[in-house]
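See structure below.
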Amino acid sequence: MNDFQLDWQRSRRTGVPEAVLCEYKSPTQVAAIIVAASEKGERLLFTRLDESHFLALDFAIRSALDYDPLSRTAVLGGSMPVASTGVGIVAAGTSDMSVAREAARALCFNGHDAPIVADVGVAGLWRLTERLDEIRMFRVVIAVAGMEGALFSVLAGLIAAPLIAVPTSVGYGVAAGGYVALNAALASCSPGVVVVNIDNGFGAAAAAVKMLSMR
Amino acid sequence: MNDFQLDWQRSRRTGVPEAVLCEYKSPTQVAAIIVAASEKGERLLFTRLDESHFLALDFAIRSALDYDPLSRTAVLGGSMPVASTGVGIVAAGTSDMSVAREAARALCFNGHDAPIVADVGVAGLWRLTERLDEIRMFRVVIAVAGMEGALFSVLAGLIAAPLIAVPTSVGYGVAAGGYVALNAALASCSPGVVVVNIDNGFGAAAAAVKMLSMR
Amino acid sequence: MNDFQLDWQRSRRTGVPEAVLCEYKSPTQVAAIIVAASEKGERLLFTRLDESHFLALDFAIRSALDYDPLSRTAVLGGSMPVASTGVGIVAAGTSDMSVAREAARALCFNGHDAPIVADVGVAGLWRLTERLDEIRMFRVVIAVAGMEGALFSVLAGLIAAPLIAVPTSVGYGVAAGGYVALNAALASCSPGVVVVNIDNGFGAAAAAVKMLSMR
Amino acid sequence: MNDFQLDWQRSRRTGVPEAVLCEYKSPTQVAAIIVAASEKGERLLFTRLDESHFLALDFAIRSALDYDPLSRTAVLGGSMPVASTGVGIVAAGTSDMSVAREAARALCFNGHDAPIVADVGVAGLWRLTERLDEIRMFRVVIAVAGMEGALFSVLAGLIAAPLIAVPTSVGYGVAAGGYVALNAALASCSPGVVVVNIDNGFGAAAAAVKMLSMR
Amino acid sequence: MNDFQLDWQRSRRTGVPEAVLCEYKSPTQVAAIIVAASEKGERLLFTRLDESHFLALDFAIRSALDYDPLSRTAVLGGSMPVASTGVGIVAAGTSDMSVAREAARALCFNGHDAPIVADVGVAGLWRLTERLDEIRMFRVVIAVAGMEGALFSVLAGLIAAPLIAVPTSVGYGVAAGGYVALNAALASCSPGVVVVNIDNGFGAAAAAVKMLSMR
Amino acid sequence: MNDFQLDWQRSRRTGVPEAVLCEYKSPTQVAAIIVAASEKGERLLFTRLDESHFLALDFAIRSALDYDPLSRTAVLGGSMPVASTGVGIVAAGTSDMSVAREAARALCFNGHDAPIVADVGVAGLWRLTERLDEIRMFRVVIAVAGMEGALFSVLAGLIAAPLIAVPTSVGYGVAAGGYVALNAALASCSPGVVVVNIDNGFGAAAAAVKMLSMR
Amino acid sequence: MNDFQLDWQRSRRTGVPEAVLCEYKSPTQVAAIIVAASEKGERLLFTRLDESHFLALDFAIRSALDYDPLSRTAVLGGSMPVASTGVGIVAAGTSDMSVAREAARALCFNGHDAPIVADVGVAGLWRLTERLDEIRMFRVVIAVAGMEGALFSVLAGLIAAPLIAVPTSVGYGVAAGGYVALNAALASCSPGVVVVNIDNGFGAAAAAVKMLSMR
Amino acid sequence: MNDFQLDWQRSRRTGVPEAVLCEYKSPTQVAAIIVAASEKGERLLFTRLDESHFLALDFAIRSALDYDPLSRTAVLGGSMPVASTGVGIVAAGTSDMSVAREAARALCFNGHDAPIVADVGVAGLWRLTERLDEIRMFRVVIAVAGMEGALFSVLAGLIAAPLIAVPTSVGYGVAAGGYVALNAALASCSPGVVVVNIDNGFGAAAAAVKMLSMR
């Protein structure tokens, strides 16, 4: 009897395919899932796969994966055609790039090419306003910020597209763990901000895919 | 000098008009805003206006408002044409109806007619599955639940439309204040759930309006 | 033996006189302090004196006070000459005015006339930028905001004067109690923001007085 | 004088024998307990014994133990006859298997053979409903889930057997540490769910043993 | 369209009938449920119905209910035969009696007559040990305690029956809200304690009913 | 069967008699305890008895009590000889007097006359140092402080007597509820500070009585 | 200029000498303090000195210390005469021995010989009651417990000596960090329990020394 | 496209130049920033750069930095003239020196020479009072303390200069993480204390620079 039972129909049912969260799985468990998916010829996305965890997999299994250490994501089954579909990612700081890239890689896995507008935190407001025309072209915006998360409110007050806030665990002292950015997004005075879990770039990508697929 | 400065251009800039959160304003402050908006001939939505707060307003001012005590919302400036545009509200329990209605009233204020599918909590799963065909017709779903918020994950695993989770403060003991439902929505194992603040039916409506207005 | 022992030398020692926090004192205790100060002919500031608490005092005692219900402050001993000295107060929303006024009243008690720039929250960024020239004239800025407190970071990134952040308890859901605004101020990505306790307009005023008195 | 004093009568008094929680004990302390139990010829269960901790024990002592790294459990004194007695374990995800196995190993130590129904989380509801007939055959169900713990409410609403919820520390962001799953179990809208501490597979097994031994 | 949809089949499916949590429902909503149940001729249990809430119901509706103010419970549809079936309730203090009675009333509604052993907190251990023979006769024990909840561990170490811990919100300072008693129950050093939400006497009763109905 | 069972032997066993915490008991329950104690001719102390709660008791029962509204304590059974035995109470502010008096009244009930040194908070350090000789005469010191509780560390660094810290719930913002003062006492850099629950003047008195009775 | 300034008069002023908390100091800083104390010929106690931290000190410095790895304490300056003075330590479990030994070592440093009564947790109540006569001989009791900390209330209800509760960080899930045991001690229903910080065996020893030195 | 976009105008706009928080950036990202700044010939301050992180940089890049391991700060671009301008740093304990030095290094980077008055915690009050004349000469005081943070209130009550409190994460048990010291600073009974994030020596320095630059 297996430890796992993949939900292959999820994509048809919900519009986004299942992904494998690796953090709490043993290398043995991750490898078994990769083997099963390979045998079925299915593409599969892996998230929160730390480099040490990745290196604990057999060489043959590692070879089957397209792995990116900064975002801790891996793709099994190769790339598919990607097109620019209107989703863009806006990241407050350099430290937020790993989460921004998790979102970008998950979007790419689903066929969406999403540019990242990086390091536009509000401490230097001109960095954001200078690129506002570019950002206003996006149909859906994923905003990624840690610390106090002021970017979410400022940006949401300037654009009409749906804004998905991804708080990150970047910060120290009261900001450790990402709760300040999370709560800032939830308590935003700019109406219509929607929020996903801390560091959940994948979840933001899934939400964006659903919005772009609305009938 | 006024205590307030309404952001009349917000609708043009962000797609959703400003609303007035009444909870922490004195009746004098709320009345001054109503007078200013009336003089400009602007429509305006008021949220979290408790019945006792409403009754503390002058009769003339009250008469200008369309007030609903269950949702604690008031509308100034009369109704506008409303159409069925594909957003639906799914509420887990009877106790969640006040928040569900805040969302419905805010959608209505923006021209969207949103039906409420009520009391379909997962303790009796048949209540949800029985109405799944109806729910699957919605282009955007607002899900409203308190207690442990299991509805969010179950429903998101069954439909393709974007799901906006509104946790409510319905619950006692560990569930008091709505934090369990909030965290359940954020930690959902169903990818793509997006979340707004506890009891924030208005914010969910604003997000839905933005999604329905996507270019 | 008295329940209290006023620290009349505090002003000479620290630059700011003692104030009486009324919230946890009985009307009897507050009245005894007023009588003692009157007998000594001392001026005294009272904070967090709710209207019902104020009304529980004897008429004679109430008559000796200059009471302001919105800020819940009272002044014993009459006004003194007030001058414009360069401190300004910037408030994010109408709901933050009670705290902003507590700061203004405490500054006034110490001889500083501080204008309030009201309702300039970042959801409508133009409201803030439109008044930036005015704000840049202040030598010290007290910023007052609840909800997600994004004003602190944005404003601190735009001005050179010291910025004292006063988070307020305005908000609901995760923002209830003012902790999100407090933490946003502490975690601000704009360096040099200094912070006082939630709703502590008086403390911000005391800090501003100290800065303006620096040798 | 010893650091420990085993409670050999516990089984007679409470129906479940004492187990040794190893996490906060030094290898020296664990070894001393093993030696003492061996000398008395007693069987003993060890929990939360990390692999590195296990490897720090002397070879002779390790040889006396039946150790399972995934569940971090060890058994001293060999196996005893095991029978199918009606308790079953239902686990939401692959990551929850270590806790599910702790429960299974503890049940086995007490003579109960408990099958595990794995990876039936509610994001793909069909995985659960497909196996409902099998689950309904259990006299007692131990449900194991991390993240948002929605499995507890859904499953409890579908079966008549007592359901013991074991929240796990599987999750990140708000779900880190297992508090969301714990609170979801406690706040469940399905009445009659009973709960044990986070990751406490052993405790759930002990409770199941007591239920199966009811007079 | 109704705000509610009662789950009449729940009893057949899960062994315990649905109950109505009144705390967050308006009198109008509660009354509508009572009328609907009366029309169907169904018995129904209402919990967390404060006396002021009860008195806000119409006289005719109140007359149909058997209301108990201490436990804040009401029963619609009259009593049914009750028998002694082996469940007993042990309460640590006088202040815990309202929750103990909620459990007793819910058990009674389901046909179980459950005696309450009151005020046996461990500060005076003799009060508990003196009644141990009586308590050891119960097949299932519901233990109710607030403050530090030490009763749970002590009692569970002395009896073989399953022990369902109900922490109560009785306490002040760090014990306010019942979290200390809740956590003490979850962290109990006596294995096999199972726990329900704070003040959830009804949930404990439902769990006991399920245990007593085990095949 | 009674709801209560008083532990009359507690004084002989532990050195301090039982007291009745009234906050979560109904007037009916409190009255029943008073009647039972009166019939036995026992003296009894009641704590956390709010004035409205006291006034809800029958006149005859009220007449039997010596009630003090500031400390919310009542004594049944009259006074006993009181002597100065070396315990003193030091209170940081006027707002802490209700808790200081609870301690003083509980000490008095046990035969100890304890003076209160009031309003010596460290913001005006001279108030404390001026009275240090007096405080150094006490054999045991009970220190009472809210807000940031700095008094505990400062005073403990200046005296040799055991210091029992009683944090109070006096404070607002982060200090609301008394947790800052509590944690400051626990984390004190002055070794040997011992702590009781927030607002627990009675507990501090009980500890002092035990210290004064040491063999 | 030094980074440190030892408070050599503390013993004369407060009855207990200063100790050096090593956890947050660099080996360089610890070594400098040792050298300074050696030069002055002073005895000194070091706490929370992890074995790896100890091993990072120079050999010559290590040789000057009497180091105990289980309690993470070191003594500089050799032993002094120790006598049995009536303080005893009661530890709930084997895992609590490191904290119990920190208390014992600190007492020994101050000339008190304190026996440890080990592994008497309340899950097996007989272990405690069997040794009650021995424990009742102590003039002061230090009780050490983690998990749910039920030992504090049970023991305090059985003895007349002052009881100093030391919660430990032994536990997992909700008990992680020691907060449950801490709060259980603070909320104890047995009056007169006094509490020190989590894992603070040294602080409990200092308090006991003060009590034994009471005039 | 770069991951970063330095805000070179910040100094002109806000009076303090941008600094680079290294903790959450990869060595690659930090190195890229150093190269970019070097090419522009800009001076730059780096904070929270752990020694292992520093050692992961290329030798050539390390050589360009003036690195201090205790404060985890690095300076690129060499020193500039430094003058004594009236800011002083007061640190409660030896363990707080790393944060005190971060403040001193950041001040030095901005041209201010700030002496550190070390190890003057209030447990030995004489250490502080002995140096009070020296401290009273400072125009601005940065106070650094962990544990219970009593230094903030005591010192602020004794001096007239603005006091910027920097709570540190020095402490264990309830003091772990620095929240007790943070809250003690915010809740200080000495008015006018202003606070920055836990361990944020850099932020305190920035605030001091702003105060010293007030027009």
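Before moving on, here are some points about what is shown:
By letter and in written order, the chains are A, B, C, D, E, F, G and H; residue numbering begins at 1 in each of them.
Basically, contacts are C-beta pairs under 8 Å (C-beta built on N, C-alpha and C of every residue); 3 or more make two chains touch, one makes a residue touch a chain.
Computed from a predicted structure; not experimentally measured.
Note on interfaces E-F and A-C: more C-beta pairs are in contact across A-C. Relative to chain B, the chain whose mean Cα position lies farthest away is G.
On superposing C-alpha atoms, the copy chain B sits rotated by 90° relative to chain E, to the nearest 5.
Averaged Cα coordinates give chain B a centre that lies 42 Å from the centre of chain D. Chain geometry summary: the mean Cα position of chain G and that of chain H are 34 Å apart. Centre to centre, using the average C-alpha position, chain A and chain F are separated by 55 Å.
For chain A, the set of residues touching two or more other chains reads 10, 13, 18, 123-124, 156-158, 173-175, 179, 182, 186-187, 190-191, 197-198. Shown are all chain pairs that touch, namely A-B, A-C, A-D, A-H, B-C, B-D, B-E, C-F, C-H, D-E, D-G, E-F, E-G, F-G, F-H, G-H.
Residues of chain D that touch chain G in their complex: 1-5, 7, 9-10, 13, 18, 21, 23-26, 29, 33, 48, 169, 177-179, 182, 197-200. Of all residues in chain G, those touching chain E in their complex are 92-93, 121-125, 147-150, 152-154, 156-158, 171, 173-175, 179-180, 183-191. Only residues 10, 13-16, 18-19, 86, 139-140, 156-164, 182, 186-187, 190-198, 202-203, 206-207, 209-211, 213-215 of chain D touch chain E when the two sit together in their complex. On chain F, the positions that touch chain C within their shared complex are 70, 94-95, 97, 116, 118-120, 123-124, 126-127, 146, 170, 172-176.
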